[in-house]
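Each of the next two complexes has chain A plus one other chain: chain B in the first, chain C in the second.
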Partner chain A sequence: MSNILELKDVSFVYSEGTPFRKVALNKVNISFERGKITGLIGHTGSGKSTLVNLLNGLYKPTSGQVLLDGVDIWDEPKKIRDVRYRVGLVMQYPEYQLFDETVRADIGFALRNKGMSEGEISERVIEAARFTGIGDDLLDKSPFDLSGGQKRRVAIAGIIAMRPDVLVLDEPAAGLDPRGRREILGSLHSYAEMTGGSVILVSHSMEDMAHYCDNVVVMNKAEVYKSGTVREIFSEAEELSSVGLDIPMTSKVAKRLLDLGIKLEGDLYTVEGMRDAILRYTGEVEK
Partner chain B sequence: MISDITLGQFFPGNSVLHRLDPRTKIILTVAFIVSVFFANNPVAFAFLTLAVCFMTALSRISLKVVLKGIKPIILIILFTAIINVFMTTGEGEPLIEFWIIKIYTRGIVRAVFMAVRVILLIMGSSVLLTYTTSPIALTDGLESLLSPLKVIKLPVHTFAMMMSIALRFIPTLVEETEKIMNAQKSRGADFSNGSLVERAKALIPLLIPLFVSSFKRAEELATAMECRCYRGDKNRVKLNKLEYHGIDLAWFLIFALFVALLVCLSVLPYSFGVDNELYNILFYKI
Partner chain C sequence: MSEVIIKTENLGYTYVDSLDDDIVKVDQSPALRGVSLEIKRGEYVAVLGHNGSGKSTFAKLINMILTPTVGKIYIDGVDITGDDFTEEDVFDIRRKVGMVFQNPDNQLVATVVEEDVAFGPENLGLPREEIRQRVDSALSTVGMTEYIKHAPHKLSGGQKQRVAIAGIIAMKPEIIIFDESTAMLDPQGRAEVVEIMERLNKEEGITVLNITHYMDEAARADRVVVINDGELIIDSTAREVFKNVELLHSVGLEATQGAELIAALSGCGADISGESLTLDETVETIANYILRKK
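Here is the complex of A and B:
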């Protein structure tokens, strides 16, 4: 089976039966392909964060099924913790969850909960730390002495150390400088490549999506608006602006050029694709 | 979920009770609480129940919500009722006598009315005050009522500010607790299983981040207040100044009438010396 995670007719309602009732997800169907990076994008309040909490069983769907490797994760509610080790969730602003005395201990928290041996834990902690770019000199410091970007990495390392089959990240780059952004998102790419695991990335940034993802799911008003490969989604970029989303900068440039009568061909949603397209175009003109 | 607690929660609205001055409501609530303890016979209780139902109707808050507020204290009510049943001694033969337990009619009657009293107390004061007054109006009202104490150098404004800040941050803290709990659960933390010691230990990963962020937030709030030149109540003026209106006067009068009637119902019947069966039941002194 090529789908690692699947949502079937999943609905989620907050405060059911009270005047504050709110439908956060309405009959959502999504398949996440094994070994791929899938981007989840949508306006604020479109249901992205709720969806993320359903994936590892923090919330239970009001109706519908969440299938992990074809098995409903709520078949055995007592084993939901095992699901959480397999679907690693990095929440928004994960640096607020740090609590232990040293970075080393904090990254190993999940592994200790899992009941692994000390030797194995320290091995995995070092591996996860390297992965997210935390130097060995930081491992014995208190997490509260680190900078914001470093804290973020420690928190992500704490999930990566579990070696989840699916790594889910809710806005992992929010509030970081461009360099921290590139580094964190880049390490996700290598995670998928090295471990063969799947990554689900929630983001607001179209550029990030275009750059790092294979597939994209667009959410709007508690429903799936569109899903497909990056190329499929961004080739109709104007449609996205109709649901309140920003389109990649290069797509905007391409649109203006088209208005001026210059038609480019190719992947116009990344800087590289745009460059090639422009070079091709100018080459043809010179001929 | 933890966010479903309703006791003491404000429900926005535009009823007569919502529009009353918070000071009026605070004073009336105190008067109401005192008068509830005056009631001492079935007729007085019936009158009180009617008054509370009338106020609930006026507040336009659904009866379901008001009753839901009683749920958390149902155990306390039951406990007091049971104590009353067993501990009250009355005249004449006990109703049930078993080993050292003696139950008198008086005890049962007293237990029932005690429960009714507590329920009316909660319903009345929440409808009159907490459900219909926003926390900000509430602290404004308290500050204004207590302001005479400034003469003896009591920092009334500071207390009121502390109270409104505390109230303001309860929802924030609840939300944050839920968030951190979920984050730690994602790392395999288990808050609901295990022995007492294990469960207490499981709280450490929750409490430390919560404390850290609370201190940080307090510092940020203090800085933000100083940036806006906050210096306590020195030279501070209010956007919404509290003012009594005609409706407040009307309510004071109605309430005075209510209290007077209740006191009459609780005191007068015993000075007539009437002795017939129905009269004795109606005005059975609890």
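Here is the complex of A and C:
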């Protein structure tokens, strides 16, 4: 089965039975594939964050099912903790949650809680550190002596060390410089590829979505507005504007060129795709 | 009133580990070194640099959260590093140089919006009517008047940041430093904050320093300063800075998407040239190129 995680008719209502009742998700159906990065986009209040909290059982659906490997995660509520090891959640600004004395101890914290042997922990910690680009020389330092970008990597490594089947990250690159963004988002790609795990990326950056994701789910007003491959979603860039989302800068350029009668074809939502489309149009490279 | 509002000479700062006071760390490398620059009253300056480049250290030196290890800083002609500069004068500098930080939740202190904005002026010991007037005017400037009695924690990120800005404006600063103030906001919140930043600069004549990782924000500034590994390496107009895509890449930064696209085309041997700072310019440059080739 290629879908590792599935949401079936999931609804979530805040403050049910009170005057503050609010439907945050309304009969949502989404599947997340193994080995793929799925982007989750939608403007503030669209239901994205609620959705993230449902994926690893922090919230329980008001109705509907969250299926992990085909099994409803709420079938045995007492085992929900196991689900949290399998669906790793990296919250926004996760570096605020670092606390241990060394980077090594911090990354291995969850594994130790799980009762794993020290030898195995040590192996997993080094593997996770490599994924996120933390050098061996940093492992025995205090996490508080690191730069912001390094701290972020340590926090992400702490989740990756659990080798989750599904890795969910909420704005993992917020506040990082362009190189830091590229490195962290690039490491997610290798995680998905090498472990066959599914990565779910929540971000406001359309450029990052277009560049790093395989599939995209667009949320709007508590419902799935649209989902599909990056190409399917971003080739209809105007639809994204209509639900209050930004579109990649190169898509804007392509649209303006179209108004001038220049119809480019290709992946116009990334710099590279746009470059190739222009060169094909002028005949400088073969079609 | 001096024309040059911020002036630094050979400014340097080295962090020392306060827990290890007795161990003198001689090998600690400076976070900032040899920074000399002048910023004129009313300028709109973007400060770029990778994480850990020293740009936040620079900001903290300007409003005296940190004291320089070496070098001089003059704010509005006053030498804040001089021997005759007193503790009392520090408050004067902090009032003149307001700072808006990244996380709005760390900057709001009161449980009602108007009280939060009044916090600064109250501490200045101003008369009641003056405080009222400043709070109302500051909230109106950031477009938050209708939320005057609201609880700050129930606002959106962008709205919270606008309240934090109102709290700074109520102090009547001459300089406002935005230290990655838009990093935690969604695109709409970000647009709101940038719009206010620009209005304060253009309409109120406040000198604005915007420390940011968003190149599209930096492209809107009059001047762009790039700090790399503690040193000032670029200081020019936004237009000039974003033409040098290779240099920006070499220090871990990017250009605007438009400039990146033009550079990518050149990189493939296309003889394309023209402006690309704004969307309009990028479209024009590419359209001209295509029409010339066809």
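The rule we apply is simple: the second predicted complex is superposed on the first by the 283 of 287 C-alpha atoms of A that agree within 3 Å, B and C clash if a C-alpha of one lies under 4 Å from a C-alpha of the other, contacts with A are read in each partner's own complex, and residues count from 1 in each chain.
What we mean here is this: a contact is a pair of C-beta atoms (placed from the backbone, for glycine too) under 8 Å apart; a residue touches a chain by one contact, two chains touch by 3 or more.
Please read these numbers as outputs of a predicted model, since none were measured by experiment.
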If you stack the two complexes on chain A, which partner ends up touching A:E193: first (chain B), second (chain C), both, or neither? neither
Touching A:P178 in the superposition: chain B (first), chain C (second), both, neither? second
Once chain A of both complexes is superposed, is A:S147 in touch with chain B (first), chain C (second), both, or neither? second
Based on the superposed arrangement, let me know which partner A:F109 touches: chain B (first), chain C (second), both, or neither? first
With both complexes superposed on chain A, which partner does A:E120 reach: first (chain B), second (chain C), both or neither? neither
In this superposition, the partner of chain A with more touched residues, chain B or chain C, is C
Tell me, which parts of chain A touch chain C in their complex? 43-44, 92-93, 147-149, 174-180, 204, 207, 244-246, 248-250, 252-253, 256-257, 260, 262, 271-272, 274-275, 278-279, 281-285
Note: in the complex, chain B contacts chain A through residues 4, 176, 179-180, 182-190, 204-205, 208-209, 212-213
What residues of chain C sit close enough to touch chain A in their complex? 49-53, 102, 156-157, 180, 183-184, 186-189, 213, 215-216, 252-254, 256-258, 260-261, 264-265, 268-270, 279, 282-283, 286-287, 289-290, 293-294
For a test of understanding, state which residues of chain A touch chain B in their complex under the given definition. 15, 18, 53, 56, 58, 81, 84-85, 88-91, 94, 96-100, 109-110, 113-114, 144, 158-159, 162
